[in-house]
Every structure is written in C-alpha cells, then in structure tokens.
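What follows is subunit A paired twice: with subunit B in the first complex and subunit C in the second.
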Partner chain A sequence: MAKQSKVYYWMVLPAFLIFFIFHTVPVFQGMIYSFTNYKGYGDFNFVGFKNYVNLFKDQRILASYGFTFKFAIVSTILVNIISLAIALGLNAKIKFQHTLRAVFFVPNILSVLIVGFIFNYLFAFFIPQIAEQLNITSLTQNILGNPDLAWIGIVIVAVWQAVAFNTILYLAGLQTIPTELYEAASLDGAGKWKSFLHITFPLIASFFTINMVLAMKNFLMVFDHIIAMTNGGPGQSTEAISVLIYKGGFSGGEFAYQSANSVIYFILIVVISVLQIKFLQKREVDM
Partner chain B sequence: MKKMWSCLCTTALIASLLTGCTNQTTANEKIHIEFFQNKPEAVATFDQLIERFEKMHPTIDIEQNNVPDSETVLRTRLVKEDVPDLLAIGGNTTYGDIAEEGLFYDFSEDSAIEKVIPDYVNMLNLLGRTNKEDNGIPFATNANMLLYNKDKFKELGLQVPKTWDELINVSKKIQKQGEIPFYFTYKDAWTAMVPFNALAGNLQGDNFIQDRNSNKTTFTERYKETLKKMLTLLDYGHKDNFGRDYNAGNRAFANGESVMYIQGSWAISAIKAINPKINLGSFPLPASNDPSENKLVSGVDTALTMSKDTPHKKEALMFIHFLLEKENSQYYINEQNSFSAVKQVLQKDEALKELNPYFEQQKITSFPEHYFPASMQAANLIQDFLIKGQVKPFLAKLDSEWNKIKARE
Partner chain C sequence: MESKKVNWPLTILLICCSLVILFPLYLTVVTAFKSPDEMSRSLLSLPNTLRWENFTEAIRLTNFFQSIKNSFIVTVFTVALTLLTNSMVAYAIARNMHKRFFKFLYYYFVSAMFVPFPIIMLPVVKQTSLFGLNNMTGLIFLYIVYGLAFNIFIYVGYIRSIPKSLEEAAYVDGASIWTVFWKVIFPLLSPINATVGILTCLWAWNDFMLPLVILSDRDSMTLPLVQYVFQSQFTTNYNLAFASYLMALSPMVLVYVIAQKWIISGVTKGAVK
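And then the complex of A and B:
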C-alpha cells in the first residue's frame, strides 16, 4: 500500500513543480513588485503602499472597475438565459438535432480576433446601412464609436460567443434528468412551464452554478474582445481592468502600479467566485 | 474545485504579465546580430538593405525581428534585461524611457552623429538620455500633414490654404458643393493625435514641456486654442466621425469620398495601394493665421540605436553606418514615403515634394505628444474630449492627469 501511494506522489510532482515555478512564483514576484516603483526594467526602490493608495485616487482605475462589473453582470445573466433556452430547444425532440447542436457550437471554436473583426465590420457598415433604410436614426452610426453604447456592442459579441460553451454544459445537465419524472409530472397534470420550474431547473442547479461562476469569471477577465473591437475606446469607456493593466503596465511603463492593480483584481475575482459558489450551492438539490 | 479553477486562471493572467517571449540567437560560425525593428510596413525594405549589407560582409548575419505591438514587446523583453543588439524604433516616450535607463550605446563620440540633422538629434535627446550621452541616431523622419486630392481641388477651383482662416474657407466651399472636406477616423483613438499634434506643435508656445514639467505653465494656459480648433475641424467631417477606423478612412479618401485627409506620411502607401491613380498633394495643417509662423510637425520615425552590452559592437556599428549612407537612406525613404534625417537627402515623391521647403528652411517642430508621459494615454483622452466637445473641463482634466502621473513617479 505504502509503495502505491508513493507512485501517486511522483505522478503529481511534475505538474506541481511546473505549476509552482511558472504560476505561483511569478504571482509572488508580481506582489512584491506592487510595493516598488519598478518600471519594468532598470532599478527600483520599495515604496510601501503608495501604489495602492494611488489606485483608489485614480478615476481611471475606478471607472474601469465600474465598466468591468457592469459588463460582467449583464453578460453573465444574458448568457445564462439564452444558453439555457437554446439547450432546452436542442434537448427537445426536433429535426436535425445533431446538426443544430454542431451549428450552435461553432462560435466557440472561432478566434475572438476574427469574430471581433467581422463584428467590427457589421457595426461600422452593415447595421448603419440597414438602419438608414428603415429610418432608425439612433443606429445609423457605428455604436462602437459612441461612448454610451460601445459596451453594448461588446456585450453582444461576448454573449454571442460565450453562449455556445454554456449551452453544451446545460445540454449535458438536461440529459441527466430521467424522463420518468416528466411522465409522472404530466400524469399529475403539470404543464410545460410547471415541470420546467419544479423538475428541470432544480435538477440542473449544479450546472447552473458552474455556468454562473464560469461565465462571471470569464467576463470579469474580458480582454481579447475589447482589444479586437474598441481597444478600450471611445475615450476610456470600454477600458476593462485587464485591458488597463496591460496598457498601463507595458505601453504606459507603470509596471509596479499596474501590478498593484492586478493584486486587487485577483483578490476581487477570488472573493466573488467563492461568494457565488457558496450562495448558489445552497440552492442545489441532490437527486 | 471551481474555486481552484478561478484561482488558477487569475494566477495565469498575472503570471502572463510577468513573462515574455525570448528570441535568443544560436551560435554559429557567422556572427548573428538581432535587428529589432518596429515597423511592419518596413520589413521588406530593411530586408533589401540587409541583403546588400550581407553581400559586402559575408561573415555577418543580420536577423530582422519585427513583431506586432513592438513597443510592448520591447518593454517586456527589457523586464528580463534582454536588449536586442541593434534597434530601429520610433522616437517617442518608450525610446526616452529606455535611453534614460542607460541600456543604449553612447554615440556622442561616433562619426555617425555628424551625418544627420542636429534638430532631430536634439528631439531624441529631449525624450531621454543617459547623462549627457547621445543614445540614438535619427534615421527616418515622418510628418503630420494635410493630404489633398489634387484633381478634386482643381475641379472645385480651390487654392492650397496658407492660413487657418483660409483652410476653414476652403472647407466651407467644399461643403457647399456637397463634398466632404475631411474624412475623420476617430474610432481609432490615435488618429485624433494627428490633427492634435499638428495644431499643438504650432500653438503651444515655446518650451511648453519644460515649463509644464517645472509647473511654470499649464494646459489650461496654453492649449485652449488647440482644442477649440480641433472642435471646429469636426464640423467639416462626415456623418460618422467616431465610427470609422484608419483603414476605412484610407479607403474612403483613396476612392475620392473626401477632398482632404489629415494624416501622416505613413498613410500614403496604404492610400496608393487602394487607388494607384490618385493624384495626391500635401501641405502642413496651417495652425495659425500667420503663414510665416506655421511649421511642419515632424518627428523621428525611426531612430537607430544598439545595446550598450552587445558582444558585436563593431559589426552593429558597421550596419548603422551602412544605413546612413546617402544612397541607402534615399532608398529607404523612397520605399517608405518618409523623410530622411541624413543631411541633404530629400524626398522626391510627387505627393510629398511640396513639403521640401519646410525641411530646407528648417521650419520644423516636434510632436508635442511624444513628450507626454506614456501612461497618460493622451489619444484616448482626446478622443473622449472630441465626443463630449467641452473645452474647459477637458483642459482641467489634462492638467490633473498630468499631475497625477507625475505624483505617482
């Protein structure tokens, strides 16, 4: 027995070492840098909590947190509603079920940059042209060029792409529900809506938790969509936290300052994920 | 498990901030020199020049390295103290920051520095230098200008404007005849910096940056006219000024959708690629009403420099001297539609010829933005200002952003 458990340790060790060297060590390095005035190169001094104090005084940082949360919450809710609806549809007895499942998965395998490029074109030329012909004046201009609307453009693209993956998870969840339950429910006179509310939804609650947490975490870390579509603009209206860390930390030469920002960002994401899991797991039921 | 997953990903994100990509050259009989270069459109031109050089020096192998978003890559490489042997990079704050760190070679004793126009050497040194060293040699320069469609000008009976009022009059005439005067591409924030630099370079007054640094002046005091004129120009754009990007603008101007286009010399090859038959002309944006005061805003597009610690100092210097030879500099600026920092090498392109007097009479001033701290990210601020259209609060904002960054340093 003792011999066997040693083998398991050896199996875990390489992964642990690689993870430790390439992930954990840099994290601590970053944390140390956040207490310095390091530019990313050259000499540096320790400055204590100066970076952290400045973070809370920086309107731009606060605005980026505001944008990221607004974006993440709206997108998470939309993704879960839409993907659950699609999953229910694809789980029902419909024609071309398998083909349709494949089609709905396509957005997930496309690169964000390509998707961003296509939507950029749609927003700049296609939609305004249609809007002009239909006389919808509010849409005749590129919404990505409007600071009040640009975030909606990004939500549309992010949701469109994220729905694919969450649909697959919901589909898997729906297939774990035994059909007898529905038969029993219909004998008792329950309609479609009632059986969804009292059978389907409670039984896929654990999948709902996973999807909510994954979607929220992904959207809080949104980066490529923004780089591909607006690069943080117009103005700073779509500057997500990760975009700001990247731009300010490297192009802006404020490595230490943005390291402090990423430490806060890291703590926030951990806290939110833990809270979400705690809250949502309470609602789960066991079969 | 899910908690772990989220930790892992966040960790990965932060970790990715701290790692970069290396490009180590392997040892061989030949001497390998890495040439880090920031312009994707210049890759082929440099390849040609490198080929000529390698023919003359068969033992040297110059490896050109061009990556997207090269400034960020360069900064990430410096995090690991991995400085390329030879560099050709833009003359902006990134250059200045690195030069100040003492990572570049000192050219002040080298004869190469005497081959180039001293104004441009000063521009580089103003950005940043180690002690009193000359850390970079200007190679190619660019300029902000007003490109115009010569055929349309003739068709509408227009003259090249020499003053700000004339420019506005010309724009009004164009609008009256149902054409678009300017094609703005403000979806890409950086394109707003072209008119901004052209105006501010002429209107901000002497020694603005030095005085701003020592708190003797403010944006509020010196930038009002620049910002007002930026807003005035907006009246002569098209109907979706903030919805079109640089590529869309090049296409629209090339196809004659607008009569003028405020851009830099770098846009010309892109425009000509779309419409080779376009009859282009150019003039500096006349910022003030005194024609003798109006200067061309020009900056160092490519500065040559090398690592202080490169093991191949001699060979790297040879390549720099090779590039500065008149014939090679001329070849480069012809291919790139840029201007030369090498003395007496002039641009002969039909579209740019009109600007030569400004170079000959040294009526040149630098890009103000190049002296702003990079973390200010002025482009996005200006874009935001143009959308909101309020001068006073924005002047205060420029000052407060500047102060905030200086306080963080």
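And then the complex of A and C:
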C-alpha cells in the first residue's frame, strides 16, 4: 500500500503543472505586465505604479466601474426577488408544476450572446412599435440607443436569463422544508406572510447566501450581454469592466494598462465575495 | 397535503409569467420563417408561408454545418476528457486530504474559482498563441483545465462520502490504485458525473468569450462566435439573422426537451453542493 501511494502523486501532478502554467502563471504575468508600459507588442519598460495612479484618474475607467456596479447590484436584487417569488409559486399546490418548472428553466440553457441579439431586436423594433400604438412616447425610441436608459435594457436581458438558474436553486431549498412546519404555524394562527418571514426565509437562508454571491459575481463579470446588445455604447455608457479590458487590451494598445485594471478588478471581486459570504452567513446564524 | 385544493389563481399567474420566457422564443421562430415584407406588415403574426430560403441562405452565408460541427467536437471532447481527468485528480485528492500536499492542492484548485476569466484573459491569449493553442484543440484543452477549479470542488465532496471499505476489499485482492479507480470508484461516480457533464456541456456549447479571444481561424469558429462575426451582415436582414439564431439555439433546446428532468436535477445538484 505504501509503495502504491506514489500513484496518487502521478494522478495529480500533471493536472497541477498544467493548471499552474495556464492559470497561475497568467495571473502573475498580468501582475508583472501591470507595472510596465507594454502595448501588447514590441519592447517595454517597467514604470512602477504609474498605471495604477492613472487608473484612478481615468474617467473612462471610473465610468466602467460605476456602470458595472450599478448593473450588478440592481440585477442581483431583481434576480433574487423574482426567482424567489417564482420558486414559491412553483412550490405551491399548482397544476402543470413540472411543465412550468421546465419552461422557467429554459433561459439557462440558451447562449447569452444569442439571447442578447434577439432582445436587441425586441428593443429596436417590437417595443417601439407597441409603444407607438399605445401612444407611450417615452418608449417609441430604442432604449439601447439612449445613453441614460441603455443599461436598463441590459438589466432586463440579464435578469430574464439569470432568473432561471436562481429559481431552480430556491426551489431546491424550499423542497427541503417539511410541510408540517407550515401546518403547525397555521394552527397557531400565523398568516402567509408571517410564516414566510419566520419559517421559509430562515430555512432557506443558506440558499439565499449562495444565490446572492453567485449572482453578484456573475453580474460583475458581465460581458456577452454587452457585446451582443450595445458593444459598450451609446458612447461609453454601458462599457462594463470586462468589455473595457477586452477592447483596450487587445485593440487599444493598452495591454499593460488594462492588466493593471484587471488586478484592481480581481481584488474587488475577491473582497466583495468574501464580505458577502461573511455578512450573509452571520445573518444565517443570527436567524 | 392531499386535502389542499389546486391553487388555480396562482397557476394562472405563473402561466402568465411563463409567457415572458416564451414570447421572445415565439418571436424568434416566427421571424425566422418570414420574409422582410411580411415582417414589416406585422411582427407578431404567424408567417403566411414558411420561408425555408431564410435557412438555406443562413446556412450558406455562415457556413453553418462547419460551425455546428466545430461546436459539437469541442463540446463532446471537452465533456468526455473533463469527466475522465478531473474525476481522477479529485479522487487522488479526496483520499489523501490528511496529507499536506493534497490538502494544499485542494485549496489551490478551489480558490481559483475566485479568479474570473476576464482577469487572466490578456496573458492567456499571449500564451495560447505562443504554444500554438489558438485553435480548437487549445479551446478544448483550456475548458478542461479551467473546469478543474469547480469540478474538483464538487467531485471531492462526493468522493469523500463514498465509504472506503469497497476500495479496501479490492486492495486486499491485490488491485492497484489505477484499477481501483477505474473499476470500483469511477462507476460509482455516475450521479456526479452527470452533474459535471451537464454543466460542462452547457458551458462549452454556449461560451462566447473564450472562443472569441482564442480562435482566429474562421473555419474553427463555434456557433455563438459565428453569430457574432456575421452580426454586421445580419443587420440588413433580420429574417436571415433569426433563422441563423434559431439553428444555433435549437440543438441545445432539443437536448433539453428530451433530457429536461435530468438536466434540471444535474444543475441543481451542482449548485447545492
């Protein structure tokens, strides 16, 4: 047995090396590049913290953080409210339960990019046409063409898609709650809202934590939606951080500069995820 | 439970909500079959005649059969190789968590979940072209490697719940670790293999970002990437575009219709772990 245990090392070493080369090395390379003036080609020099200092003075960068956070926070909240409501509905005594569950899950299997293209068309033709017939002048223009409203269009698509996954997760949580608890509560005279607040919610608190953290992390990385719908526009009003890294890094000659942006972005995502987990788990215990 | 009656108002409300999901899909289908003239008369109505030319034209323009073949190859190889390799790595880690090195490996892989791809995107693209991996092989390879972070997490959790007594009996009979893994453990992993397989399949099939930055050759493009590349030519003819979108979406929808229960439970298990 002892001689054999060497085999275990052979099972993991190739994976470890490959993962190190293709994941860990790029992380460090990115950090190193962030201290240079590399354009993506040609020679480069080390420039110290210059990129980082410039990042905080760059309106385009600050705007992309502003947009990404606005988008991520609004979408996370909406997704969690809507998917919890749908999950509660699906968990109740209803007809066509399986069919409805299957329908609500469909967006999760579709390509985000193509869904974005389809909605693009909805916003460009369908909604303005309906709005014209109903005389709602504020909606007769494509909202994706309006710098102040375009982000809402992206939120709608992101929520439409993400609700599917979160609903299924909440549903899994709700199914772990024994029905006797509700019967006992209703005998004690607790109303629907009260039993939700005091029974349902505390018991699915861990699912709430997972959903909040996952949704927030995914939305902070939003990319496909933007590329499909606005490509960062109009102007730069919907330029998410990942879109800016992609554009600036590959075609803008800002390889090093966007590497520095990536480092800041990475730190923010880790900090937010850890804070969220800490905060939400503490609430789980308190309840 | 049985004394309760079906809640009809809620059922109807949910059916109305489900229209929000179904409506864009309906619109995709009808638009794909219409002519531009017909569409300008009414966006919503069913097409008078099914215009199959939209599809033949989209197939010709986007070289559809090439890109669906690419997507298929990438997805099948990614899923198969991910299941075989990632489960093996996870097994070695799960059975040696008391050793420092393996414990370190576990946290090393799992912590990579906190590093989203856009963050390493720029160096990775440099690296893949350096290694000659800016093609489909490279794409499959990267999916397998990047999948490790999440897959190790769920495989290890599952393997640790399998009692060791089965393996010990095999070792007493003189079996090697390889044999034990492939003959005893791997067959027991079917439920979790299903979860990993489904999630990996959805990821590899629908992913846009990695193909976008890795693939440079038009003949190796996957379905979502092709829709992006042809977007500028599509803006003049929406019917053509929607025929193309419909063809790109339908393989996964078809799989979903057949294996719906299986897919939902697989995705749920992956998330709840």
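One rule holds in what follows: the second predicted complex is superposed on the first by the 266 of 287 C-alpha atoms of A that agree within 3 Å, B and C clash if a C-alpha of one lies under 4 Å from a C-alpha of the other, contacts with A are read in each partner's own complex, and residues count from 1 in each chain.
The rule we apply is simple: contacts are C-beta pairs under 8 Å (C-beta built on N, C-alpha and C of every residue); 3 or more make two chains touch, one makes a residue touch a chain.
On a predicted model such as this, the values are computed, not experimentally measured, just so you know.
Novice: Where does A:Gln129 make contact in the superposed view: on subunit B (first), on subunit C (second), on both, or on neither?
Specialist: In the superposition, A:Gln129 contacts subunit C only.
Novice: With both structures placed on chain A, which of the two partners, subunit B or subunit C, ends up touching more residues of subunit A?
Specialist: More residues of subunit A are touched by C.
Novice: Quick one: is A:Phe46 in contact with subunit B, with subunit C, with both, or with neither? Answer first, second, both or neither.
Specialist: Neither partner.
Novice: After lining up the shared chain so the two structures overlap, which partner does A:Met11 touch, if you call subunit B first and subunit C second: first, second, both or neither?
Specialist: Second partner only.
Novice: In the superposed arrangement, which partner chain does A:Phe165 touch: subunit B (first), subunit C (second), both, or neither?
Specialist: second
Novice: Should A:Phe250 be classified as contacting the first partner (subunit B), the second (subunit C), both, or neither?
Specialist: both
Novice: Touching A:Gln29 in the superposition: subunit B (first), subunit C (second), both, neither?
Specialist: Both partners, subunit B and subunit C.
Novice: Contacts for A:Met221 in the overlay, against subunit B (first) and subunit C (second): which applies, first, second, both or neither?
Specialist: After superposing on A, A:Met221 lies in contact with both subunit B and subunit C.
Novice: Touching A:Ser237 in the superposition: subunit B (first), subunit C (second), both, neither?
Specialist: In the superposed model, A:Ser237 contacts subunit B only, not subunit C.
Novice: For A:Ile277 in the superposed arrangement: first (subunit B), second (subunit C), both or neither?
Specialist: first
Novice: Using the superposition described at the top, list the residues of subunit A that contact subunit B and also contact subunit C.
Specialist: 22-24, 26-27, 29-30, 40, 210, 214, 217, 221, 242, 245-246, 249-250, 255, 258-259, 262-263, 265-266, 269-270, 273
Novice: For subunit A, which residues are in contact with subunit B within the complex?
Specialist: 22-24, 26-27, 29-30, 37, 39-42, 50-51, 54, 57-58, 120, 123-124, 128, 140-142, 144-147, 209-210, 213-214, 217, 221, 230-237, 239, 242, 245-255, 257-259, 262-263, 265-266, 269-270, 273-274, 277
Novice: Give every residue of subunit C touching subunit A within the complex, in rising order.
Specialist: 1, 4-8, 10-11, 13-15, 17-18, 20-22, 24-25, 27-28, 31, 43, 85-86, 88-89, 91-93, 95-96, 102, 105, 108-109, 112, 114-127, 142, 145-146, 148-149, 171, 176-178, 181, 202, 205-206, 208-209, 212-213, 223-224, 227-228, 231, 238, 241-242, 245, 248-249, 252-253, 255-256, 260-261, 263-264, 267-268, 271-272
Novice: Can you name the residues of subunit A that touch subunit C in the complex?
Specialist: Against subunit C, subunit A makes touches at 1, 4-5, 7-9, 11-12, 15-16, 18-19, 22-27, 29-30, 33, 40, 86, 89-90, 92-96, 98, 100-115, 117-119, 121-122, 125-126, 129, 160, 164-165, 168-169, 171-172, 179, 207, 210, 214, 217, 220-221, 223-224, 227-228, 241-242, 245-246, 249-250, 255, 258-259, 262-263, 265-266, 269-270, 273.
Novice: Quick one: which bits of subunit B touch subunit A in the complex? Just the residue numbers, please.
Specialist: Interface residues on subunit B, with respect to subunit A: 2-3, 5-15, 17-19, 71-72, 75-76, 78-79, 81, 93-94, 97-98, 101-103, 186-189, 239-245, 248, 373-377, 380-381, 383-385, 387-388, 404, 407-409.
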